[in-house]
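The structure that follows is given in the form of structure tokens.
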């Protein structure tokens, strides 16, 4: 087991955002966490990254308890993070954003190799390497956010709503990228998504979250036909 | 009778309380940073001094004109403040203080380097007011200022001030125009400083630009913060503490400022609401822990 | 029956640089109805909301309220005209008490001109604030500092504050987000009660089931445009709506 | 007064020297402001400490270089202690609280220096040459050359640090998004410390440099500087290094010429603030600041 979240309960300010949530993910897997807005998906990823402190529960990474560790230690364990809303460093160039992603790497050669790899994956980023991140279009910005998360050659990549606010065509591109990361680069991905259909296409397994609780855990192909998913999203 | 030493001390406490009260309105109620309050004291002092010295007008006209002049310049600073965010505003008010003092220093009309001397004391019914009587006059005016501030607290003006301090956008949903109330906050705070300046000028009978420097602004701000920025008794308590501290520490004159600054730092770190400010630990304790009852209408 | 339009937008648009957050929206709000506006994250709901309440100036288009064009007016004037709002991320006046929060809004008429000299310490104002607190069920918290209250209470506080300006139309921005199941039930009951009293309510929600339950009529927004309009149960069966929420192909 | 080219050139040199003094102090201040967004008035106190540590070390070692190092180290220590003890714990307080604390600390530092070293100015004589060079009727002293050379070299070095090193990259990332920076592996508290160390060390070097330039130091040498350096970073746009250099130059040169031609209109510091306020009215984010 690569990552295991055990009985996690988290408050976000005064709101109970996660209520006794347990999930796990093995190496090479793509696991999706879906659910309506406000279901607690983002809080789950932020807890794994150490950006919110859980009230109860444990987070184990490669068997090691990292619950109390600060975010930068988790980054050093090569947990890659693609935050919700991309959150690029707007006044850094594209390449500088990537270099911040590689901050935990010390070896110049290795950084250079990772940079090459990311540029191979996203040639458009290489064209725009010296542009400020704030000048990128929505799709390019998402590519950069993913690229930044990939710079550490992550053991697991946490992706938070990569489709948010993007036009349908760009959403397709982003998910093509995710599939190729899975198939070709063998990256382990924990994907948080509101776009259930898309998430179920690329994921092996899926957790459905509603008001902070796991209400469904299934293989992705099974969940696709599960009416509970639609009910949670649209009611009726 | 109390001696002249104490009369002087008490009079100064009263005069500075008025300026601190004004700062409480601008900064404490309305949340607008003003690090140049002493400049408004100076504008009031010099207006009043010039009118009585050069035009031989009565103290009372000088006194009212002092408040009015400071108020007008307060409106100007308030208008500038609308465009500026917190730190820029803070530095602008510092700059305002330096500019005003520079004008006083460089133009002999305003006293220049020697200052204005021989400012006449007020006259009531043909008698000059000084010493004990002047002190009484100061405290009557302080009482009026406190009453005015209390009235602000009890009127929609005070509600609007507090609302823009807490959250300008939320305030707008309640029909409050933040720009108007920011300007008003500066204007009223400045007017009180102007009144206090007039009293200061006629009390000391001679003033120079050095009485209104940035260090004086910090002193007034310290009074306001120490006492509690949203409390009327706080402003007076703060003025008393700041004016008395140096006297208490007179034996250690060398270390006076050291102790003074340490006290300020300690209060700010451990009791940022001030001694008598709302939710201050001291008040809570005095009230026996039942918080918020004071605002129970 | 001829229904009266209280608020209407015509070709309303807001662009941020190249992003078209709201892009030509026409809606009509009828007096007395509870209108829901739903849409996935980033659909432009909050931008739309901020346009109507004056917090943003539109790039183009009109907002007509009771026959008057109000686009571009500052928020405080729009509030005085009777358009009240709450915030998605609650914005209480933290250091004031709950009572003071509501009372401050009760004075909305007195912030104009020089009426601010009038005292607030009068029976009618105090009674009104108290009545509103009772209306939303916060009377026991009147003298608590607003900043110390849990989120559910703050949402109700914002509703009380909005009601204090005697609104003709109440705009609720994501009033359910971050709330527990019990709290959502309470807010739902409160909204129904207000609707029962004849208040026009505009509900912006991403919690679709709740919006479906409450609304008389619904608009669906996606990429800054209206993609569906109609009865709630019908709207959520609309193919493009399902796709907007769950992704293309899900409707199949 | 006859206005000749030589006169103007002389004033320009005075302005550039004065500008260098401003830059020396504002550079550190802008770094520190950029990282925590606190108006660090006590920076001027750190500058005074640097001057005194420098003098004491010079008297002890007779080495200008060692004295500079000691000044930098002493100031860095004071700066980082202020940051840890007073600024980091105060970040969630209303912003006038850390500002007031900073002002009080400034008074405290000045008074402590005055009480240990005496209220009166002390001479700062070094073995550095005190020659004055003349060219086409324009005079320039060795001290002026040293001051300018060192300050401009330091500015370049700081600029390189922020543009080319990991520390610079991490600092910029942290300023733009602290949370994501931490999630990318940046140990943010350490970076804040390093910024304070760097900025305060610069203040220390500036203090000693100005001491050598004027030949004396005093506990109150930071008084005017404390607030005028604020003008410099406002002119430049808070947190911008290039801005601080340009702002310092503008202020220095402007002051020299204003003092030469209009010295009877207003004091220098008042002029500086007028320029600043006028600029702010038309460009509220400063010259190099980013509009939001």
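The chains carry the letters A, B, C and D, assigned in the order they are written, with residues numbered from 1 in each.
Going forward, a contact is a pair of C-beta atoms (placed from the backbone, for glycine too) under 8 Å apart; a residue touches a chain by one contact, two chains touch by 3 or more.
Because the structure is predicted, anything quoted here is derived from the model rather than measured.
With contact taken as defined at the outset, there is no chain that touches subunit B as well as subunit C.
Touch-path distance (fewest steps) from subunit A to subunit D is 1. Looking at which of B-D and A-C shares more C-beta pairs in contact, the answer is the pair B-D.
Among the other chains, D has the CA centre that is most remote from the centre of subunit C. Mean C-alpha positions place subunit C and subunit D at a centre distance of 50 Å. Look at where the CA atoms of subunit A average out and do the same for subunit C: the two points lie 32 Å apart.
Inter-chain spacing, taken between the CA centroids of subunit A and subunit B, is 55 Å.
Pairs of chains meeting the touch criterion: A-C, A-D, B-C, B-D. By the touch rule above, subunit D contacts subunit B in their complex via residues 37, 39, 86, 89-90, 93-97, 99-101, 103-105, 107-108, 111-112, 115, 227, 230-231, 234, 238, 264-267, 269-274, 276-277, 280-281, 284. Remark: subunit A residues 49-51, 70-72, 74-76, 81, 83, 87, 89-92, 96, 99-101, 103-104, 148, 152 touch subunit D in the complex. The residues of subunit D lying in touch with subunit A in their complex are 166, 169-170, 172-173, 176-177, 179-188, 290. Subunit A contributes residues 12-17, 36-38, 137-138, 161, 164-165, 167-168, 171, 194-199, 211, 229-230, 233-236 to its touches with subunit C in the complex.
Of all residues in subunit C, those touching subunit B in their complex are 53-55, 74-76, 79-80, 84-85, 87, 91-97, 99-100, 103-105, 107-112, 115-121, 126, 143-145, 161-162, 164-165.
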